[in-house]
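Which chain is which? They are A, B and C, in the order written, and residues in each are numbered from 1.
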Amino acid sequence: MAPPTSPRADLGPPAPRDAGDDAAGLGRGRAAAFVAPALVLIAVFLVFPALWTLYLGTTDYRLTGIAASDPKFVGADNYGDVLGDGDFHRSLWLTLQFVVGSAVLGQTVLGFAIAWVMRDRRGLLRRLVEGLVLLAWILPGSVIAFLWIALLDRDGGTLNALLGTPGTAWLLDHPMACIVVFNIWRGTAFSMMLYGAAIGNVPPSHLETARLAGASTWQTLRDAVLPRIRGHVLTSLLLVSLWTFNDFTPFLITAGGPDGRSEIMSVYVYRTALGDGRLGFGAAISLIMILINLVIALLYLRALRDRSRKAAVA
Amino acid sequence: MNETVREVLRRIGLATFVSAVLGFFSLPLLWLAFAPFDADPGISASLPEFTLHNFQLLMDNPYALASLRNSVLLAVGTAALVVTAAALAAYALSRVRVPGRDALLYVLLLLSSIITGTAAMVPIFLLAFNLHLVDSRLGVILVLTGGLLPAAIFLLKDFTDATPTSYEEAARVFGASPLQILRHVVVPVIRPGLATVTVWTVAQVWGDFLMPFLLLRDPDKAPASVIMYTFYTEGGQPDLPLISTFSLLYSLPVVLMYLFVSRRYGFRFHGGIKR
Amino acid sequence: MGYSGRDFSTRRIGAAAALVMAGAALAGCGDGGSSTDPNRGKDAKSYSLTITRNAIEGGKNTEEAEWITRTVIPGFVAAQKAKGVTAKVTFRGQGVDDESYKTKLALDLKSRSGADIMDVDGIWVGEFAQAGYLRPLPEVVGAPADAWDGWPTIPGTVQKLAMFEERRYGIPPATDGRVLFCNKRLFARAGLPDGWQPKTWQDIIAAGRALRRLPSVTPIQLNAGTAMGEATSMQGVLPMLAGAGAEIYTGGTWTGGGQAVKQVLGLYAQIYGPEGLGDPKLQQEAKGRDKSFEEFAAGKIGILAEGDYFWRDVLNPKTGVAKMKTRDQDVGYALIPAVAPGKGVRGQSYVSMSGGAVTVMNPNTKYPQQAFELLAFMNSAEMTKARTAGTPELTSRTDVNKEILAGDPFLTFVSEKVLPVTSYRPGLAVYPEVSTALQEATASVVAGKSPAQAAAEYAKKLEGIVGGAANVTPR
């Protein structure tokens, strides 16, 4: 799947103490035994059906109808259809806005900010903040959809009541902004938890030193915190981007509308492929989405490596 | 003086930020707080004509409460499997050099996005069918585990990579076996990571509709995510009294789990090792 | 030290080989022929059967689920016991949206497993048959299929619901019809007559203009756009298309962007255009249809095109999701007119669209004769009456309808006036895509595109969907 040129050893968090030294004396045999359960589960329940799906992407396979009993090999036709579709281009552009706006800028920044502010607080306030943020993340999508429609509804919506703007149809006038804000609300918890844990792993002595040296918050973050959590930043960005890219919940709020103005990739797949039972076509889009995510991952890697080099110079 | 002003400004800024966060995250939840107690809930949040009748309706539903138990079984089973397998694998991958392991992990992560999509349902179903895993909770747990493992390993490896190996070396000198080292030295250190992955896994399973729906047959085994979808009419209109009330009950166990995990294990590292 | 590169790749090759073998094993499955003898298992003294449908106790279609578990199953088991046979019948309720339910059935049937008796939507029969998931009843059951004594009580048009290429695949238990609902109170305030019955599309527009003078009232709700999904086709485009004299699929070709489609889109343009006879934003909202129901129940919509379940289920003063306490006094109904008298499909002056479920048999059942016996039992007059005892609805059986609809003027109206002029959708696998294309055409008209342009875009898209211009006729 990965292009052979991918910088394999570099892909992944650049961990300073990445140990190849087998500290616990694991040895080859025991290491294999440790990895085996996960590997077997992944091979059977992930790799096998995933490859099968990718194979379906080269056929005109459908769930029902003649193409279900007798699917035909169509080679790269599905890919040609997708790449030549104007709706696909629009949807890709909207998805990039969605990922950059809600995942990269929104969730990551807000999640980090909350984790940072709450880092050495205890008690009710912290539980309240973390609990609320987490609630947004763990509630099932079908419940969430009702919540947000109730919030943004143009007639009886809570937001219009608060702002005194009755009749403003937020979901129709600003569909992309709505789903970006929605997804920030929905997914910040993950970044908050991850950065919370990561900040917890920064030795308190480092922070103490920075504080005694009179460093501003910004300087502390840049010099004491960021270098220690860079690996976590990459992990978080990779995961959150991938998940946001594939997120379907916005469909429940805007149905991709109005007129496709919030038709992000998952909704595009739903409309063109799955709603009509065109599984072959849907499978083809999955591969294209994977390749786009690979590109995004390489960009992150580059960005973070550059920063570490700059940091090393400074 | 200047210092005091700065401190005051800082505090005001912090308070503003915290209030904004509280407001932003609680505002959409208003509907969930009001609608279950409303005699005639609509799509918009409104002050209710107070009633507990909706809860009565829900108690009369033959599947609602059992479905919550089913959700717990699926979530606990999957979380146990994911966390155990991922922790073992992440530790081994972190400590033993395998060429291209990170690239391989990322490719697996990408593949997992296919599996969680709808396009893969035919392969997954036929696989489960041939392994006699249809209408079995174990089948759902295994399929979900397969999809969640790459991200879990990815996360946990990140945490293990970031921990120093010196304590493991020390423990080894004292004759501890690798499993003992993992349990008594590594697990305490990566506890925040384990807690994060556990909560994440449970949340994923808790909300997942497609896999349990496709793989289970007996409605007595259906989890809450599936039963939630039954509260619609013939024409697809939501039965809001049932849905809002069930949403509330549906959310509670996950909130309780979060409180438990965060109290018992904490998402922070407070151990003495690195101080 | 770690793995040597070679060890690792050996492991991977081994894993790959295992996968290939598993793949071969799986590919081999599904081709295994189960017996097709209609008389297999016929003489079993003890057997078990499973029923599934998109109904679940306490949830979606709960009355149907209760009917099966409390009436059908005990009744059938007792009847078998009287014959000295032990029958065990299980009901597996579901209650999800139609697409998910369809997916699950398709997967079950594909793997030659699943319930012995199941309900499918009438429009799935064709695509399921084409996929080899379902087989004609006479092939599965043999002679008893066509000899069933219930057939003469089901009108030919309703039987078509369960047919594909002129062969029966199951028994349709019920059907429905589409009408124009109107709010009599608003009509009175707008000076419109009681017992309103438009004869042309212009009559509808004229009523809409009168209603528009009332403050904060949306005159007309004719479903449009993709957010409403199939509701746009079923309650909007297709009945209007029938009113313009065309069916979406007839004589082996699909209807392209000709006169009829342009007329329908023209009607949409008139309603959602500058005159403001409809609410274009409602058509774009994700929950627009639910909201249109709430608004109608609250007396904010004058005219709304819907199926009869809107009356039975949505507005129902006791059990409805948008209860309207004054339904019986305040809600009127009228036939959907053709564009002008005699200009509708088949030269009709009034039109409708119908759908409905079909109870089919799993061709892989172990006990075809017993399963058919159960299927026939479920659709007997007695069981049909029991099913509709709570809320009357249009059953497929004319003998039952005569009895149960006597006290219900609305359903009698649908049964006697609407069903004779109704049409059905084509049960072909590409229909959902065609339907989506129609929905998109209405969406672009609502957004301001001209009907001619939207029709041309629809025609182009249609050709791509149905495999070229040869399968399209502009009507």
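Note that in this section a residue touches a chain if its C-beta (ideal position, glycine included) is under 8 Å from a C-beta of that chain, and two chains touch if they have at least 3 such contacts.
Remember, predicted model here, so these are calculated numbers, not experimental data.
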| item | value |
| --- | --- |
| Top-ranked pair of chains - ranking by C-beta pairs in contact | A-B |
| From chain B, the most remote chain by mean C-alpha position | C |
| Length of the line joining the C-alpha centres of chain A and chain B, rounded to whole Å | 15 |
| Chain B and chain C, separation of their C-alpha mean positions in angstrom | 37 |
| Multi-partner residues of chain A (each touching 2 or more other chains) | 20, 22, 28, 31-32, 39, 44, 47-48, 52, 63, 149 |
| Two or more partner chains touched - positions in chain B | 42-43, 96-97, 99, 121-122, 127, 209, 229, 238, 240 |
| Touching two or more other chains - residues of chain C | 1-3, 103, 110, 287 |
| For the chain A and chain C complex, residues of the former touching the latter | 20, 22, 28, 31-32, 39, 43-44, 47-48, 51-52, 62-69, 145, 149, 154, 169, 171-172, 251-259, 271, 275-277 |
| Chain A-touching residues of chain B, taken from the complex the two chains share | 14, 17-18, 21-22, 24-32, 35, 42-46, 81, 84-86, 88-89, 91-97, 99-103, 105-124, 127, 142-143, 145-147, 149-151, 153-155, 158-159, 161-166, 168-169, 171-172, 178, 181-182, 185-186, 192-193, 195-196, 199-200, 202-203, 206-207, 209, 224-225, 228-229, 238, 240, 243-244, 247, 250-251, 254-255, 258-259, 262, 267-270, 274-275 |
| Complex interface listing, chain A residues touching chain B | 1-2, 6, 8-13, 15, 17-28, 30-32, 34-35, 37-39, 41-42, 44-50, 52-54, 56, 61, 63, 110, 113-114, 117, 125, 127-144, 146-151, 153, 155-159, 162, 185, 190, 193-194, 196-198, 200-201, 203-205, 228, 231-232, 235, 238-239, 242, 245-246, 266, 269-270, 273-274, 279, 282-283, 285-287, 289-290, 293-294, 297 |
| For the chain C and chain B complex, residues of the former touching the latter | 1-3, 5, 8, 25-26, 29-30, 56-61, 92-98, 100, 103-104, 107, 110-111, 113, 287, 289-291, 293-294, 307, 309-310, 313-314, 321-323 |
| For the chain B and chain C complex, residues of the former touching the latter | 40, 42-43, 60-64, 96-99, 121-122, 125-127, 129-130, 134, 209-210, 213-214, 217-219, 226-227, 229-240, 242 |
